[in-house]
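Consider the two complexes below, in which chain A is the common component and chain B and chain C are the respective partners.
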Partner chain A sequence: MAKTTVYQKVAYYPGCALEGTGHAYNRSTKEVGKALGLELDEVKNWNCCGAMEVKNIDPKIQTYLSSRVMSIAANEMGHDVVMAPCNGCYHNLKKAEYDLEKDEESKQVVDRISKKAGHKTYEAGQVETIHALDWIKGAIGEDGLRERVKNSLNGLKIANYYGCMYTRPRHIFPEKDQGPGSESTSQPHFMDDLLEAAGAENVDFPLKTACCGGAHTLSDSDTSTLLVLNILRAAEASGAEVIATECPTCHSGLEMHQVRAEKKYGYESNVKILYFTQLLGMALGVKPKQVGVHENVSDSMSLLKEKGIA
Partner chain B sequence: MTSIADIGAELDTPRADLPAGEQAARLLELGEGVLEHWARARELEPTDEEREGFRLLALHRQGAKGEPSFNACRETCRELAYHYNLVCSDAAHPEVAKRLEMMRLVAMHLYLFVSGKMQVDQLGEFCCASKPLRLAAQT
Partner chain C sequence: MPIHEEHLIRPENIKTKENLVIDGIDVSGHWSTFIESRVVTDYNEAIEDEIAALPGGEHIHRCWQCGSCTNSCTVNAVNADFNPRYWIYLIRMGMESELLRDKDIIWQCVSCNKCTYACPRDVFPEGVMKATSHWLELKGHTPKSPSMVFDEVFSEQVIETGKIEEGRIIRSFFKRTGQPLMQDWLVEMVKRMVLKLPVKMLFTLGLANFVRPRTSNWGGARDAIKEYAAEKHAEQRQALGLDELVEMAKQEVKPRLPEAAE
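On to the complex of A and B.
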C-alpha cells in the first residue's frame, strides 16, 4: 500500500512554535486526529528544526538538526512518516531530505555530528515528511471528512492562506505538481478542499501564497504590518469572513499585525483568523475551547455563534 | 523612472475615473516599475523581454536569478497578470470594479514585498539610486 494511504499512525513533530504562540494549532491538530481516529506519536526528545535563525548562520547545521528529528522517528521509533504542521518545520525537514539526497558535503557533516551526538545518522528516504494538510487529505480525504462532519461550516466564507514556505522552493517538494490529486505549488488547494468538504464556502483569494512578512516581524515591524494589512484588505475585498491558516508564524503575524494595523493606521478589519484545524475540529463536533479558539488573539466567537458553529 | 515611493503613493490612490482597461494597464505598469527598481538596485538593466506575453513575468524571472527568496513574489506577479487578463477580457463585466480593486491590492503587495526586501537587503531606502551613493560614500 502506498504511504499516502496509510497516514493512520504517524510520527508527530510539533516543533517549537506549537509549544508557544501556536499552542492552539497544536491542541487543535491533536483534537482533529482524535476525532478522525488517527494516531499521532510525538517524536521523542525532538529538537528545533533549525528554523530561520540557524539556517541563516550555517545551513548545514540546520540540515543536521532537521535530520536528527527524522533519525529519531525512523531509527528509534520505527516510523516511515513524520507529520509537521508548522510550515517552517515542514519546509526545513523537506530541505534536509533534499540536501541529504543530493549533496555529499551535507551528508558528511550530518554523519559527523550525528556520531558525536551518539545517534544513528539519518539517511535520505528513511521517512516521508508530510504537512498536516497531507495527513488529513491522505488518511481521510474529502469524502471521508464529509461523512464525519457533525457541525457543518455551511455559510462560512473563508480565504485560505497558505503562506510562502508550504510550497517554496518547488524542488524540495518533488511530490507536488504531479497532476490530479497532488498539491500545486502555484495554486495550493488542499486546505480549500478540506474546508469545502466540511461545508465552508471558499472565496477566490489572490494572496494565498503571498508573503506575510513573518521573518521580519521584529526587525521591520512596519513592513510586516503593511503586508498583513494588505492581506486582510484583500481577504475582506474577496468577501471572506475568516482567514484560515496552516502555519503558526503566519497565524501569529496576521493576528498581531491586525491589532497593530488598527492602532498604527486606524484600519479596523473584521475578518477573523483561525487555524484550519480549529475549523475542521469544530466541524467534527469538537467544542471551540478544546480546539483553543479562546487562545487566539482574533476573537471569532460571536461570528462562530452567529453561524451556528460554536 | 517613477520612484518607488511614488509607485506606492499611486497604488494608494485608485484611479476610478479612467476606463477599466487603462486602469488595469497602469497597475500592470506600476508592477513592472517595482521590479525594475529591484533589478536596478542589483545593478542589472531591467529586461524588455516578455514571458508568457508579460514583461512583468520576465522581470520577475530576471530578479529571481541568483536570489531564490525573490520567488516568494512569483505568484503575486502571476496574479497581477491574471487580473490584468481578467479585466481586459471583459471590461464591462458587472464585477469589474471589484476585480480592479483586487488587482490594485495584488500590485500593492508586490510593492510592499519588494520595497521591504530592498530595505532589509540595504538596496535603497528611498530609491534604487541610493546603493551606488552609499557605496561611493564607503570608499
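On to the complex of A and C.
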C-alpha cells in the first residue's frame, strides 16, 4: 500500500455473518491482530450493511445502512479507517462511499434517513474502508510477516480464493489497479503474498475471482452446487490441499455445497477450506483451537497435523 | 439437408416432411426440412421505460449489444439459455412475448458482477437482471422467485432490528417457500460441524434462537427506512401503471356482477 496510513489502530466492523456462521473468521481475525500487535476497536452498536439482499429491495436503503456504520466510526469514535473482514460488508461500505461521493440522490436519501434516525449524516471521505487483507498488508507487510512467523506453513499447497465482492465492480475500488504495490482486480494477489510469506506454496489457481453462487446458496441451491463444484475441481486439479478464503459467505458456501455435492452428485472432494486468517494465525504461533479450526465443517486437522502445522 | 445451427431455432419451428414432391421431383429425406418463419406483432414499447424505473434498470438504454455480459456470465456457463445480452435486446425492442419465454430463469442471476466488470457502456447488467425479474413479478407474469422471498425475509429482519441472525433467516425462508427445513445435506452439514464443537459454544448458538441480536436505539432508523420504502414503492407502482391495471380489472369485473346475481 502506497498510502501513509499504517493501520495500527482501526475501527473493526465484523458484520452479522461473523457473529454467526463466520464465527471462526471473527476470532481468527482478532487473534491475528493480537499476535501482530494491531489494535481493533469494534464499531459501537453497529448494524447490518445490507448484504446482498437489501439492495434488491431498494439500493438506497442499503447505502443508508452502510453509511450508518461509517458515520458511527467517524463521528462517534473518531476513526478514519474502518476494517471489514467480510467481503460483503467491505463491498457495501465501498459502494456507499462511491455513491455518496458521486450521486446527489443517494446523498439526499441518506441525509434524510440519518436525520430521522438521530445521528450525524456520513459524508464521503470521512473514513477509508479496508479489507482484512489490506489491513495486514498495510500494517505489517510480507517482510514484517516473514520475520514474525513462528510456525511456518511448511509448503502447504494453497489455492487462494477471493470471490466476487472483493474486486467487482471495479469502479467502487479506486485504489485498486494503481500499479505496483496496489491490488489487482483481475488477478488479486494480496492473500497469495501474505500466505507465501507465512511459508505456504500458492498453486496456480485459475478461479480466484469465480463466483460461488453465494447470493443463491439457499434460493437456487442446484446452481450454487454446480458453481462450487467447479471451484473444488479446479482447486484439486491445480494440486491444492487447501482453499484459503477471505469471505464468510464464500467460506460457508464452499463448505455447504461441498457436502451437498457429495450427497447429491456423489462427488467427494478432499480439499480443505480454511480462512486465510486461520492459516496466518497458526503461522504466527496461535493454537488451531484458538483460531477456530474445529468450528469449520471441513475437517482439516489431520492434514494440518500431517504437515506439521498443528 | 441437416440444419447446422439447430440450437438457435425453436424445435417447434423446424418442420420435416416424410414424403415431399416439389415440381415433380421427389425430395423426401434430402430437401424436406424447413424452418417456419416467425412473425412478431405484439410489441410493447413501454417495457424499457418500466424496467428503467425500477432500481438497477436505470442504464439499460446505454447498451450497444456487444455481448460482453453474456460472455462473462457465471450463470450462462452452467445454463446456456441464461442470456443477459439477448434479454436487454428484447426489452429495448419491446418484444414482450419473447422475453416471457425465459421468465422462469431470469431471477437466477447470482449478482457476481462479472458483467458489470466487463460492460464497456456501464449498463450495469446485473442491476438490469434484478430489475427485470422484479418487473416480471410486479406485472404478475411470475410468482415471487425464491431469491425474492429470501431478499424479503432478510430485509424485513434488517429493517426491523438492524441486524440479522442467520438461523432465523434460514428457518423463515424454508417456511415461506414451503420447503422442509430438514434437507438431508443441511442435516449432514450440521452433524459434521456440531460433533467437533465444545458444549459451551453449542449453548451460545442455541441461545441465539431466543435472544435476537439487535442494534439498540434502532427505532428512528427503522421508521425512517419504512417511510422511504413506502414512498419508493408507490412511485414504482405508478411508473408501471399497476394501480391502473387493478382499476381496469375491477371495471371488467363489474358489469358481470348483475349476471352472477341472476
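Just so we're on the same page, the second predicted complex is superposed on the first by the 305 of 310 C-alpha atoms of A that agree within 3 Å, B and C clash if a C-alpha of one lies under 4 Å from a C-alpha of the other, contacts with A are read in each partner's own complex, and residues count from 1 in each chain.
Note that in this section a contact is a pair of C-beta atoms (placed from the backbone, for glycine too) under 8 Å apart; a residue touches a chain by one contact, two chains touch by 3 or more.
Predicted, not measured: the structure shown is a model, and the values here were computed from it.
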Partner chain in contact with A:36 - chain B first, chain C second, else both or neither: neither
Partner chain(s) touched by A:118 [first = chain B, second = chain C, both, neither]: second
Contacts of A:226 with chain B and chain C, given as first, second, both or neither: both
Chain touching more of chain A, residue-wise (chain B, chain C): C
First (chain B), second (chain C), both or neither touched by A:168: both
Chain B versus chain C as contact partner of A:213, first or second or both or neither: both
Chain B versus chain C as contact partner of A:18, first or second or both or neither: neither
Partner chain in contact with A:237 - chain B first, chain C second, else both or neither: first
First (chain B), second (chain C), both or neither touched by A:195: neither
Common interface positions of chain A, toward chain B and toward chain C: 164, 168-169, 210-211, 213, 216, 219-220, 223, 226-227
List of chain A residues in touch with chain C within their complex: 16-17, 19-21, 45-48, 50-61, 64-65, 68, 109, 112-113, 116-118, 164-165, 167-170, 185, 210-211, 213-216, 218-220, 223-224, 226-227, 255-256, 259-260, 263-264, 294-297, 299
Touch list for chain B against partner chain A, complex: 68, 71-76, 78-79, 82-83, 98, 101-102, 105-106, 108-109, 112-113, 115-116, 119-120
Complex interface listing, chain C residues touching chain A: 55-56, 74-75, 78-79, 108, 110-114, 116-117, 124, 130, 134, 145-152, 154-155, 158-159, 162-167, 170, 173-174, 177, 184-186, 188-189, 192-193, 196-198, 201, 208, 213, 215-218, 220-221, 223-225, 227-229, 232
Interface residues, chain A side, partner chain B - complex: 164, 168-169, 186-187, 206-211, 213, 216, 219-220, 223, 226-227, 230-231, 233-234, 237-238
